[in-house]
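Both complexes shown next keep subunit A, but they swap its partner, so subunit B is in the first and subunit C is in the second.
Right after this comes the complex of A and B.
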């Protein structure tokens, strides 16, 4: 268990202030219930999402570095927690680049000087995902003690997407054996939801791509990829796909509707953020976890299972 | 590097004879297809270097053609013509005219990082795909792809305010690409949501449209980034000898 993670700088990112507001609400609610403290990063900015790097990778590095610099230099934190895979990935990426690539450090430092704020020093602050945060502060055993309404009977496929574990070199703490996360077969979400009583189905596409980067730019490809994810989850026996990324979550939900309206392909599996599922297990109300804000309507299923 | 690509042989270079006998041997029909001999003379020797100079392309020279990228590729799985290993090969060989045959495919890379994860030589093929798309567009071989429009819309917003507002991105992207916002599936999503949503959320989203979210104290960062991007755009054009 890591005492350090009990109070962290919280970087929600743009999606959690918009379409994925439910992820923000449920993350905060679960943290509060678990006695973990989140201090929102002051004056944070967009990390560059999945797009800015295509125009210039160093520009994206600068955007991400500014956030890490605020956490370390202005707020005195040594840990930043980001629930969004895109944000998490980009903060990890700048740490790797600034450490290993002189041209990245040179550009990031030069832009920081020009913008008039403190430089980001690699090693000064660690980036963790919401999954690390709960897994390493409370863990499975701690979670079991706090479950008041077991998720028993819920069959869940855990979907991690791309940015949580790829490419492996920007996540040096993963693939270290023992309790560390695995980049090819991540399991932190499986561990936590299983501890909350859910049945985890064996889902071979847990790190497949939902086409999130081209959700509008190439919607047919995204729909095709999403339909594959949804149908496979159903074939594996899942009622629910648990997510830990706002882009994946919204992509799955939007393209589930698109597949239905444009291609007449109907699937019934519903999407929930893993924080919403953990919250339910700990006795929080669906409203408190903003489950009604999800596009896919999971309330009938949750009611049927006695969870709502 | 051996050429074992079936699709390197253009259809116009294949000949089938209805009635042909050579030294008494019948060589007509599909099983005796002839490949016309041709010599490649239109090499673009500068191509690899130009792509390497663009954002994402800098490690293209490391590739040793193992094809881990293509084997791992998300898009290759749904379209076998999408082949990063092959395109890297063409770029390194300077086979511009061959690459141009796939010019409307390359932008379809979804940045899932499976290739970069799998690559044993740290080529970062995902970045190379972006550099190739940029190269095709700057050279005038391809109009701006939908993906490029989307990236530019996002970057413009982030640079201007420090934040992204998704509603604005959707509107901006559809405007840039001349599409109607009234897509049947988007309307269907709204229809499904309306009944369930609390009034507060509607107000919140409405406010985000009226009052753009903005990072306070962003001005100097904005100026620094704008100047940097101008520098970079000039450098990209110089690398391609466009100015």
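Right after this comes the complex of A and C.
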């Protein structure tokens, strides 16, 4: 178990302040229940997401580096936890870039000087995902000890999306064998939810493309991709798709509705953040976990299973 | 075979009993999907194999110069995995046949999306600049 991760700087990112408020609430609630401490990053800014990155990758690097600099230089943290796959990916990417590319570091340093804040020193902060945070502080055994309402009877397909493990070279800690995460077949969410009593189905599309940010440019393709993700989860026997990324989660929910209204294609699988599921297992109320804020209505299923 | 034709074929196969489906056909459909992309980019699809599979060689060929193509890398590997599960069970693995068809269909949708708008997949691989070793400086700032 990693003692360092018990108190970490928390970078919620913009999605968790808006469409994925439920992910933020449930992450904080689960952390508190597990005795883990989150200290929100002071005066954080956008990670550069995809918009800035696609316009100017070096500017995106600076935006992410500023967040890491705040954690290290202003707050004294050596670990930042980012639950959003996009934020997590971007913070990992800037770490890789400033470590391996002199021109990236030069730009980040120059813009930091211009903005008047301390430069980010490569290697001074480790970025982790919410999955790493729980897996490496509490672990499966620790979770089992805290389960008061087993998820037994829930069949779950875990959807990791694309940014949690791609491109693999920005995640040097993965694919190291043993208990490390696997970029081809991620398993941390499987491990945690299984420890909480759920049955994890073998879902072959756990990292497949959902159309994500493409949804405005070509909505129909995104809807078809999502429908295939949903139908395949159902074919695997899942009643729930667990997510760990706000963009994936919103995309699955929105296109499930769109598939029904625009194409008359109905699917019944429901979406929940993995933190909401863990929270339920630890006895937290659906309200506390903001399950009512999800578009996907999982409450009838949770009631039927005695979890709500 | 054109992509629209492949999509219809996959939808038709999904309606059939799994024990009537030749799993090699599903793998061949996966290859045909990647061939559509490679042909559309003006290249000739390779006949070579990587790790024993043409599908993986085609994927590598398709990803050259277009890192967003890596968004379907795991789908290609997953398709091969499901095909192997079926073969190891002498064709008696209905769930794996269903999954192979679902993965092949996803591949078809993804490539179809990319042919409509090549930026599909750029989200995860907006890693694009990372992968393409872009060195564009934020010069104007």
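In this text, the second predicted complex is superposed on the first by the 308 of 308 C-alpha atoms of A that agree within 3 Å, B and C clash if a C-alpha of one lies under 4 Å from a C-alpha of the other, contacts with A are read in each partner's own complex, and residues count from 1 in each chain.
Definition applied: a residue touches a chain if its C-beta (ideal position, glycine included) is under 8 Å from a C-beta of that chain, and two chains touch if they have at least 3 such contacts.
Here the structure is a predicted model, which is why all the values come from computation and not from measurement.
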Mind working out whether A:303 is in touch with subunit B, subunit C, both or neither, as first, second, both or neither?
neither
According to the stated criteria, A:93 is in contact with first (subunit B), second (subunit C), both, or neither; which is it?
second
Just checking: does A:208 make contact with subunit B only, subunit C only, both, or neither of them? Give me first, second, both or neither.
both
Looking at A:221 after the superposition, I want to know if it touches subunit B, subunit C, both of them or none. Which is it: first, second, both, neither?
both
Is A:162 contacted by the first partner subunit B, the second partner subunit C, both or neither?
both
Is A:19 touching anything from subunit B or subunit C once the two structures are fitted on A? First, second, both or neither.
first
State whether A:44 touches subunit B only (first), subunit C only (second), both chains, or neither.
first
Which partner does A:62 reach: the first (subunit B), the second (subunit C), both, or neither?
both
Those residues of subunit A which subunit B touches in one complex and subunit C touches in the other
50, 53-54, 56-59, 62, 107, 111, 114, 162-163, 166-167, 169, 208-209, 211-214, 217-218, 221-222, 224-225
Would you pull the subunit B residues touching subunit A in the complex into a rising list?
55-56, 74-75, 78, 108, 110-114, 116-117, 122, 127, 130, 134, 145-152, 154-155, 158, 162-167, 170, 173-174, 184-185, 188-189, 192-193, 196-198, 201, 204-205, 208, 213, 215-218, 220-221, 223-225, 227-229, 232
Interface with subunit B, subunit A side, in the complex: residues 14-15, 17-19, 21, 43-46, 48-59, 62-63, 66, 107, 111, 114-117, 162-163, 166-169, 183, 208-209, 211-214, 216-218, 221-222, 224-225, 253-254, 257-258, 260-262, 292-293, 295, 297
Please output the residues of subunit C touching subunit A within their complex, sorted ascending.
67, 70-72, 74-75, 77-78, 81-82, 98-99, 102-103, 105-106, 109-110, 112-113, 116-117, 119-131, 134-138, 141
For the subunit A and subunit C complex, residues of the former touching the latter:
50, 53-54, 56-59, 62, 89, 93, 96-97, 101, 103, 106-107, 111, 114, 161-163, 166-167, 169-170, 184-185, 202, 204-205, 207-209, 211-214, 217-218, 221-222, 224-225, 228-229, 231-232, 235-236, 247
